[in-house]
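Below, subunit A partners subunit B and then partners subunit C, in two separate complexes.
So, the complex of A and B:
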């Protein structure tokens, strides 16, 4: 206790007063917090869990100072519900969790999909299933992020491989959530969450920050909360404000009241799916290195993308035609992009820390699925450049 | 500048991770270098083996972990036994000569200093042991300057700790300097 209160734990103190630009040396989790605040976060409810705890810890200190609300809830289910409520009432809202906590949030994430509530859910992945490996890294939640909540729906899942990218992708996550009124999952992992490196905090205005689209319907006039505009966007009105309307997890009509009418049910499910899937190309975020003439392409995301980059830079310096594509949008899966970028590759190596969740998607996306190989590690240890190198060597027929 | 790959190890509560963060922050914020710090830890809050990796370089750093350190710091025998075999040939091994016993024959530059004892004799409290180690490390490696470390100490800690931190930092630096001269 004394160690904590005497300020001996670095990272708790606002560190540097550097004038311009603001440079910090922080963990990925803190970069997420700074990104969320930059994007205008006003409400956080959560239940701290390793390895996402620092997000709650820093927000508990910083969010009230910015006039926002931080609540440590009784559990993850309640946190996700509180986030839905706060967002409906007009606040940019977020929660953060890991492992089993992400499982607990799934029902209310489905509610947010159905009721079209903008919100951001951070999942700093650890080993699973169940309580699994609380302090160790994994990327086993790729499919859960997409399909964890029941029923047909679409969702946006973003990831990042550096402290700087976490900041920027967090801002992007809020922008997408607010623009399309959807939950956005930020799928980080223990390594990038806990790793410390340089963060250059952009000045306000430097990165685009999207705000919610509001209705122009006057008070006292009928407002249809679930009547999409022609472009598919739903103008909002803060719940509890000037318009009275209903919100439900049931299939609903344009007033938000429950309906079982087949036409309306069908229209809603198509709307929920199309508003995201039809924009897959707009939502795709990625980075690419040396793809032009690459014979061997590594595809990765999150912390293993760093190992892949390490290997690619090394092998390029020796003249090997190796390239890298790092996905930052995982869902909607940018299948067309992956197909185009790997069209001329002899072999595609997918580097991820699970049993092949994205590998399956890549196999579905590319012309020749037989040339797609999984390079993984599922022992709680970060996939390293040698791990990738060994598999590539074997496939290239150069021994193990 | 060469690429420094530090592996710092000891027992939970000795300040190993704090030490790693201060070193890396000094390199990034005050020397304009690239640095990455990461740690591996178990569920326990105190005791148990602690390890933190720091890479300091002039160019970009992609893979953030240290597989083979060129500078290993061990503050307990357990830590030294666990990590000594990873050291790169010719690497620097800084250890506390009272707390660490080892019996390994490796091609390395071994630098044992009674840092814990010195801190206890000078300041009477073990809290700044890690700061003393940092002072020694700065002199032995020249990865960062003492001035940069001191700047981090001044911003990271409350004013009440400044005096002892400065003393401990200088203590480690002087011990290492004496070793270099001999």
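So, the complex of A and C:
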């Protein structure tokens, strides 16, 4: 008997909920919504697109009930722009989309990088390029998430392989966005987005929720909105507050006013990149299974990590020394972590649903790139344990 | 308060060419704001890209200089997140009617309480004089060396067709009129669209052999007439100025707030 069921007794609801966790049976997309609300989401702008639409639908229902704002904009571009505007007004803000919509949002994602506007962008991946496979799974946007907007920049990209993980990584995404004043991309896929599983909703306070850092500069005193502290963080001031300042997508000085001065341009671009790349170790989130003595290591993320885990558990029960590392942070790519965790592996299998986007990164990271093998599916069907097993057997020389 | 108190004089001199009409609109806007005595912490300006968009850097408002054409979309998020703000959106030809055309019609349709100012100079100035959706046929531009063949949008008709509830037009020659119309626009509950025809002597005037700022402003004086005037009645080919529409329709933020009141837990 779940707490959610027993908790329905009138009058006892509050007491029961305080004692037992709230348990729900939900889709990944709804877990993302619940996670966002847990993290303090106050503003969502979106445009309908498969397979992420459920996120907008749930928030259309839930946000007004919590006094937040839901708006369906005229297009994907406008949704991302509205998120930037709302975030400057002090709201924790998010949008959600998929493939073609993600392409359209890149312009304003770049603006959020440059103007250091905290926000969260969910991309529930489907097959591409172009309209591709609207209802089928893929992981083809790994590189676009990193480099989709023009110009040098850095960005944080997180992913998850279960409904529970989607909830928790969504909270993490908001925490990172607010702490470092950066867009954070939640790169899910159609399978985890649509799959239904048990979700144990943590009690408020159980998971850390980071809020924006505000300036202590008094009214009437010069506030420098773009002067980073020594730790790289920028204390904020909301639009509507006492400090009126300029925000721009142009290179800017500490006042936020446009500049082309080479020293200031250089300082800003290094700040934008360093504030994320120098924290790769702090931003790395991952899970690992049986790595200690593994001869063959599978590296995966998102829904293929589920198949990989199934296979690893199966072969371990037969005594095979196989292990799994599941990445939850894809960007900044945790190269050092991958190198260390695979240092003693004979073979590394990267299980992903694209033509090898993370495989390329793993090859660059590890000691022996010749022993890195791609295991993929790019036909709209989820990568299953047999797909991974077949490639492993071949490479291990155990027949096809 | 003096108008200069609303200016970030640290960032002057401004980037506009000598004789440009944008400074006239900025001046009128600040007079309007000053006369209305609006709460200074409520003043926001959101702009896109182009000469007109640079206005936002010079005013001592909360200012957001965004992407080409995206000002109204950004402003919609800002206004919805904090409806107490007074949001001004200056836009050029491209911002309002080309790359930002979709955002423009939808902001009009929603009737969100934003003051949109279209600075129509019939040219893309910042990129060096290319024709715009407001140029009209027969115009010389760097991308129309054999004269443009594109019909122009009529901003007033476009805004009214899209559902804007306050729509007005004037020119940079009629400085007092700009300030008066902007005051009414700010006080109007809902979207206000004020078109101001402005001179671009550097590209439009020179390329089309119309002359400098004085000649273009004289053109504005001679070729426009107030709505309802005898001059307009007798010369229907003139461009009408004034308020074309001022009506009451539910405002978007208020409608949303009503939903929140109804369903809030």
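Everything below uses one rule, namely that the second predicted complex is superposed on the first by the 381 of 400 C-alpha atoms of A that agree within 3 Å, B and C clash if a C-alpha of one lies under 4 Å from a C-alpha of the other, contacts with A are read in each partner's own complex, and residues count from 1 in each chain.
Heads up, the rule we're going with is that a contact is a pair of C-beta atoms (placed from the backbone, for glycine too) under 8 Å apart; a residue touches a chain by one contact, two chains touch by 3 or more.
Treat the numbers as computed from the prediction; the structure is a model and nothing was measured.
Of the two partner chains placed around the shared chain by superposition, subunit B is the only one that A:385 touches, whereas subunit C remains out of contact. Contact with neither subunit B nor subunit C is seen for A:218 once the two complexes are overlaid on the shared chain. When the shared chain is aligned, subunit C comes close enough to touch A:45, but subunit B does not. When the two complexes are overlaid on their common chain A, residue A:150 makes contact with neither subunit B nor subunit C. By the touch criterion defined above, A:318 reaches neither subunit B nor subunit C.
In the superposed model, A:196 lies in contact with subunit B only, and not with subunit C. By the touch criterion defined above, A:75 lies against subunit C but remains apart from subunit B after alignment on the C-alpha atoms of chain A.
In the superposed model, A:241 lies in contact with subunit C only, and not with subunit B.
The interface of subunit A with subunit B does not overlap its interface with subunit C at any residue. On the side of subunit C, the complex with subunit A involves touching residues 8, 10-11, 40-44, 46, 56-57, 60-67, 70, 73-82, 84-85, 102-103, 106, 256, 259-260, 263-265. The touching residues of subunit A, when paired with subunit B in their complex, are 6-11, 13, 15-18, 23, 25, 50, 134-135, 191, 194-198, 303, 306-307, 309-310, 313, 382, 384-386. Interface of subunit A with subunit C (complex): residues 42-43, 45, 64-67, 69, 71, 73-75, 77-79, 81-91, 93, 107-108, 111, 238-242, 244-250, 255, 257-258. Those residues of subunit B that touch subunit A in the shared complex are 15, 18, 21-22, 24-25, 28-29, 34-43, 61-65, 67, 127, 155-158, 161.
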